[in-house]
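Two complexes are shown next, each including chain A; its partner changes from chain B in the first to chain C in the second.
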Partner chain A sequence: MNLKNKLLSSYIAFDDYLEADSPVHDLKNKAIKIFESEGFPTKKQEDWKYTSLNSLLKADYSLSPRRDHDLEFKDVKRYFLHDIDTYKIVFVDGVYSSFLSETTHEKMDVCLLSAAMSKPKYKPVIEAYFNKIAPEDSLTSLNTAFAKEGAYIYIPKHREVEKPIEVINFSTGNEAALMLQPRNLIVVGENAHVQIIERHQSLSDNPVFTNSVTEIFAEKRAFVDYYKIQNDRITASLIDNTYISQEGQSNCRVHTFSFGGNVTRNNLNFYQKGERIDSTLKGITILEGKQHVDHNTLVHHIEPNCESHQDYKGIFGDASTGVFNGKVIVNKEAQKTDAFQQNNNILIDDKATINAKPQLEIFADDVKCSHGCTIGQLNEDALFYLRTRGIAKKEARALLMYAFANNVLQSVKIPELKKRINKLIAEKIGVNMGFDL
Partner chain B sequence: MLQIRNLHAGVEEKEILNGIDLHVKPGEVHAIMGPNGSGKSTLASVVAGKEEFEISEGDILLNGEDISELDPEERAHKGVFMSFQYPVEIPGVTVTNFIKTAINESRKAQGLEDMPASEMLKKIKEKAEMLDIDRKFLSRSLNEGFSGGEKKRNEIFQLAMMEPKLAILDETDSGLDIDALKIVANGVNKLRNDENAVIVITHYQRLLDYIVPDYVHVLMDGKIVKSGPKELAYELEEKGYDWIKEEVKA
Partner chain C sequence: MGKFTEDDLKKELETKEYEYGFYTDIASDTFPAGLNEDIVRAISKKKEEPEWMTEWRLESFRHWLDMEEPEWANVKYKKPDFQAISYYSAPTTKPKYDSLDEVDPELLDTFSRLGISLEEQKRLAGVAVDIVMDSVSVATTFKKTLAEKGIIFCSISEAIKEHPELVKKYLGTVVPQKDNFYAALNSAVFSDGSFCYIPKGVRCPMELSTYFRINQAGTGQFERTLVIADEGSYVSYLEGCTAPSRDENQLHAAVVELIALDDAEIKYSTVQNWFPGDKEGKGGVFNFVTKRGLCEKNAKISWTQVETGSAVTWKYPSCVLKGDNSIGEFYSIAVTNNYQQADTGTKMIHLGKNTRSTIISKGISAGKSQNSYRGLVKISPRAKNARNFSQCDSLLMGNECGAHTFPYIEVSNPSAQIEHEATTSKIGEDQIFYCNQRGIETEKAIALIVNGFSKEVLNKLPMEFAVEAQKLLEISLEGSVG
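The block that comes next holds the complex of A and B.
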């Protein structure tokens, strides 16, 4: 049975235990029908031209993993920001782990979606927000149909969350192959502030295929600082669908650090629904081997006087492939839009590939929209400069790669995270610089 | 110290250096002057080991050892230093961290342990003071957003920290005002001793008022066409290079 059929028949079994009066019952039924008619995207679709899921669909994924595992904190400590205090919402093989988590209901809700979906108390929020900006494409619909677990974060207005929230999905390898579909719902009230770190981490070399959907709602003047750490094993693949709806004067920033994994597709979408909104999308991608990362971004400027800033840096080694498809839409009404997009890439080896495609659709006449895209090699003069200072070629190359990516790190607001990312970059480049970068 | 014998070098088919002979002894300062495109910067780059240039003939001896096949970093470890006309910006790496890396990489190559942190700090402080470098400057990203003068001063700071045997200053005076020029020249002079040597590449005699050369060489079309005492620099400043061209023709 192919994966699509397996998912469809599994849905029927799963549907039984979803209560008919659940606010999402009809949504799910509708969603599975969309997936049934559309199936998995193929390279024939314009948006998927450079990313093939074929190789991922062959494994015989378990859709409902066993619940027994003996994961202890010490086994996974290194995947957390353990040197500072954080809230933690942790899932192991798709199941919430109360043992590894640190949630709260004090003046806000940092907990799990299944609880929010089943308790009447949360019904108004679920009804108002769940699946409200996620579009009806096949993969998002697939996730909606199966959505039962994920992070539920509700920050009431004026609340400044004092410590970052970590959302981590572990897979243990208990199953020969595992498909996960986490679903996160994040609502940040008026003038509230929150920092969130999301991570998907496989703990074995058994294949994992994750199709994740995150909906984020930033109310007026809300500040959302979101970090995605994609440093998974080479046997793990991820489709990350993130949809962000922003109200007036809100500020949302998403940093995506893509260093690991097999096939990674980031569908990152911003919808600006008020005035004086600021949206930031930044990323560092460092790949090797046959890794593939596809950044598919959308910033939809709907109202006037808003800004968006995109800055993606990519370093591609060996036979790795990268895609940057950055779409900016400026509606006719969205006058005085200031949209900036930059994408710089370095190809280190002859077999590495990058497909960069900026797409600007501008319907307003009084806007400032700029985009720049470069593809190049490491600067030979710069390399020579470093080597004349006694720094060996390998280290000199690493230093230049670090310098190239560094710009994006400047805006990371959590110092411990910045340090951690720095270390990951140094590891990924394979060189110890002899000082804390 | 440095002996260059019949050096021919260039890129692909184009020869830029056409048989250079130069002998620099310990304790000496040599100035290399010449019109644009005469090969001055190429000579500096070839001695420092830039791979873009191919040596077709001749050799470069450092203390008797042929270094012409060595990597740039290996030459640096043996005591060759080049101050760049256009230093490279390295965002995210501070001046201090960069110099630490450079020094410890060289020490590693010589089989030495890393320089102890306290010694490193003391040395950094001492050299920064000598070059009138502000402490804040040391924690800035290397060359990023530096003015032309700051970049050059930073080059000489690196020179002071690395204490090479042979320092090649490629157009270090360009982009410097007179005060900065004095500080930089003064720094170079303080570093001079009987065991090291300096090659100053410059367009103008101005720098040579402060770093006084023992010999002045005129480079034209990839060849040293005339050598003389420091007074030759004044003559070039006054009369330009045309008279030498005539002399060479004759």
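The block that comes next holds the complex of A and C.
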């Protein structure tokens, strides 16, 4: 039985478990129908031209894992940003772990989506926001149909969250192969500030296939700083669908650090629904082996006087493949838009491949839109200069790679996280620089 | 000063009629509408083609039947009914002339109204013109001069008869019969076109050129051009087009194949000014063209195009850089106005080592038009030290038009160096103000700025053509919108 059929038949069982009067019941039924008719995307679709899911769909994934996990904090401590205090929402094999988490309901809600869906107290928020910006494509619909668990973060007006929130999905390997479909809903009220760190981590070498959907709503003047750390094992694959709706004068920044995983696909979509919005999308990708990362971004400028900045850096070694598919749409009304998109790539090894498709679709005349895309190598002259200074070749190369990625790293606002990512990059490049950038 | 506002400009532009829209009344020999194997056979017979050519056409036709019209382009139009088109039309007045005096005076008049008087060109410009009126070549000049050098420049139907070995060897090698829907259609029904062969080591002494016109109502035109530059040779080839004003949509599906053997260089320039439809978007030519060149070792192919006409343009002049050290270039200006839609760009396929390519694309959109750049730069795993530079700039005039960029970059060799940049802008108010301040009217200022914007490409055109290209830019953007 292929994965699609398996999903469809298990939905019937899953459906029984749902309460018929649940507000999302119809939504889910509709979503599964969309998935049924569309199926998994194939390379024939323009958006999936460079990424094939075929290799992922073969495994016999367990859809509802057993609940007997026993993770000790010390075993997973290194995956947390443990040197500072944070809120934590932790899921183990898709199930909430209250033991590892640290949630709150004080003046804001940092908790579970399942709890929010079942309690009448949250009903207005769920009704106003849940599945409101997620489009009806096949993978998002698949997630909507099965969405049961995930983070629910609601920050009310004028509230500045004092510490970062970590959302971590562990998979333990209790199952031979596991499919996870976390669903996060994040609502940031007017003038509120929040920092969120998201991570998916597999703890064993059993295959994991995650199809995650995150909806983020930034109300007027809200500030959202979102970090995605993708440093999973080579057996783990991730399709990350993130949809961000921004109201006037809000500022959203998403940083994606892709260092690990088998196939990683990031669908990152920004919809600017007010004036004077600022959107930032940045990413560092460092790959080796046969890894594949696909960044598919969309910034939709709907209203005038908004800005967007994209900056993605990629370093590709061995036989890895990278894809950057960035799209900027500027509506007719969105005059005075300032959209900038940059994508720089370095290929290190013979078999590495990069496919880039930076698109602009512009319908307004008074705009400043530009994009740049480069693919090249480390500068030989710079390398030579460093060597003449007595720096070994490996370190010299590493230094240049650091420098290459540094632009993106500089805008990370949590110092501890920055340090952590520095360390990850050093590990990835295989040298110890002996200093922090 | 300052009286001439942007709105005035826009209005003037909208009402600017297609100047070259007139219809020459020449008795034509036209086939009934529709397409089937019999029609393909009949076309072939009409052209007195050998058996192998008929077979080749039929094979293409069979492929075509299995193919579907491409829909991926960023254009919207009512699909032509391929069974409602007549696939052959040729002026019935005798197709061969020794001197211009024998040519139908009405035809000559047409050309002089277009400002391309043959005499003038013969005497002053030194351009050999192979005029294609609808489909059959009616006049070929300077043939003798060329023949002395061993250069073959004739219509493709003549070449099929006179030089079958060359045609057989190269036809369909760069654009295979089943390459795409329109290429297959063209392969099956191409009516005529130009053939050019430059022998080894010869530098063609003059710019070769052809003029195409779509003339007969309801006839599609299917040109086939084949240019072969043998080892170490050089040729510069010009192609220019204008068409009479017509209400129904006319289909044009041409195929151009360029072959540059070792150390050869081909420069192919196009000025295209087909009827773009009126300001309501009614009528206009559908231009679905497949143009591709193949570069062997150290060869160079350079495409330069100025696209101002056609209701719908679907055109991607490409270079396959097969040989080591070969060079591909693409310079393009695409102007769209009113309801015109253009989806144009290039493909640079790097196969050989040390191959280089340059892409400069300038899009200017005005009125309610849509202008897209779609390009592919592909570096194959064996293409060491490949180098590409792409630049796509768009100029928007008014906020009802759109400019789009779809660059595809696929790199599988780490030694490649690829740069791509794109910008979108409008004509700055400060730029206009500066010009006004210097006593230059707004209209002139805009022309000046547009000219500057497209200069990089205009400079690449041969002298004779650059003048005409500027003329065409003026027609499309005269009293240019701000």
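Keep this in mind: the second predicted complex is superposed on the first by the 435 of 437 C-alpha atoms of A that agree within 3 Å, B and C clash if a C-alpha of one lies under 4 Å from a C-alpha of the other, contacts with A are read in each partner's own complex, and residues count from 1 in each chain.
We take it that a residue touches a chain if its C-beta (ideal position, glycine included) is under 8 Å from a C-beta of that chain, and two chains touch if they have at least 3 such contacts.
Every value quoted in this text rests on a predicted model; they were computed, and no experiment measured them.
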Residues of chain A touched, compared between chain B and chain C (which is higher) = C
Inquiry  = Just checking: does A:84 make contact with chain B only, chain C only, both, or neither of them? Give me first, second, both or neither.
reply    = neither
Ask   = Is A:349 contacted by the first partner chain B, the second partner chain C, both or neither?
value = second
Task = Scan A:128 for contacts with chain B and chain C and give back first, second, both or neither.
result = neither
Ask   = Can A:379 be said to touch chain B (first), chain C (second), both, or neither?
value = first
Query = Does chain B (first) or chain C (second) touch A:176, or do both, or does neither?
reply = neither
Request  = For A:13, decide between first (touching chain B), second (touching chain C), both and neither.
outcome  = neither
Query = First (chain B), second (chain C), both or neither: which does A:402 touch?
reply = first
Ask   = So, does A:390 touch the first partner chain B, the second partner chain C, both, or neither?
value = first
Message = Please output the residues of chain B touching chain A within their complex, sorted ascending.
response = 45, 48-52, 71-73, 75-77, 80-82, 84, 86-93, 97-98, 100-106, 109, 114, 158, 162
Ask   = Can you name the residues of chain C that touch chain A in the complex?
value = 72, 381, 394, 396-426
Inquiry  = Show me the residue ranges of chain A that touch chain C in the complex, using the header's touch definition.
reply    = 46, 50, 316, 332, 335, 345, 347-377
Query = chain B touches which residues of chain A in the complex?
reply = 379-382, 384-393, 395-396, 399-400, 402-403, 406-407, 409, 433-435, 437
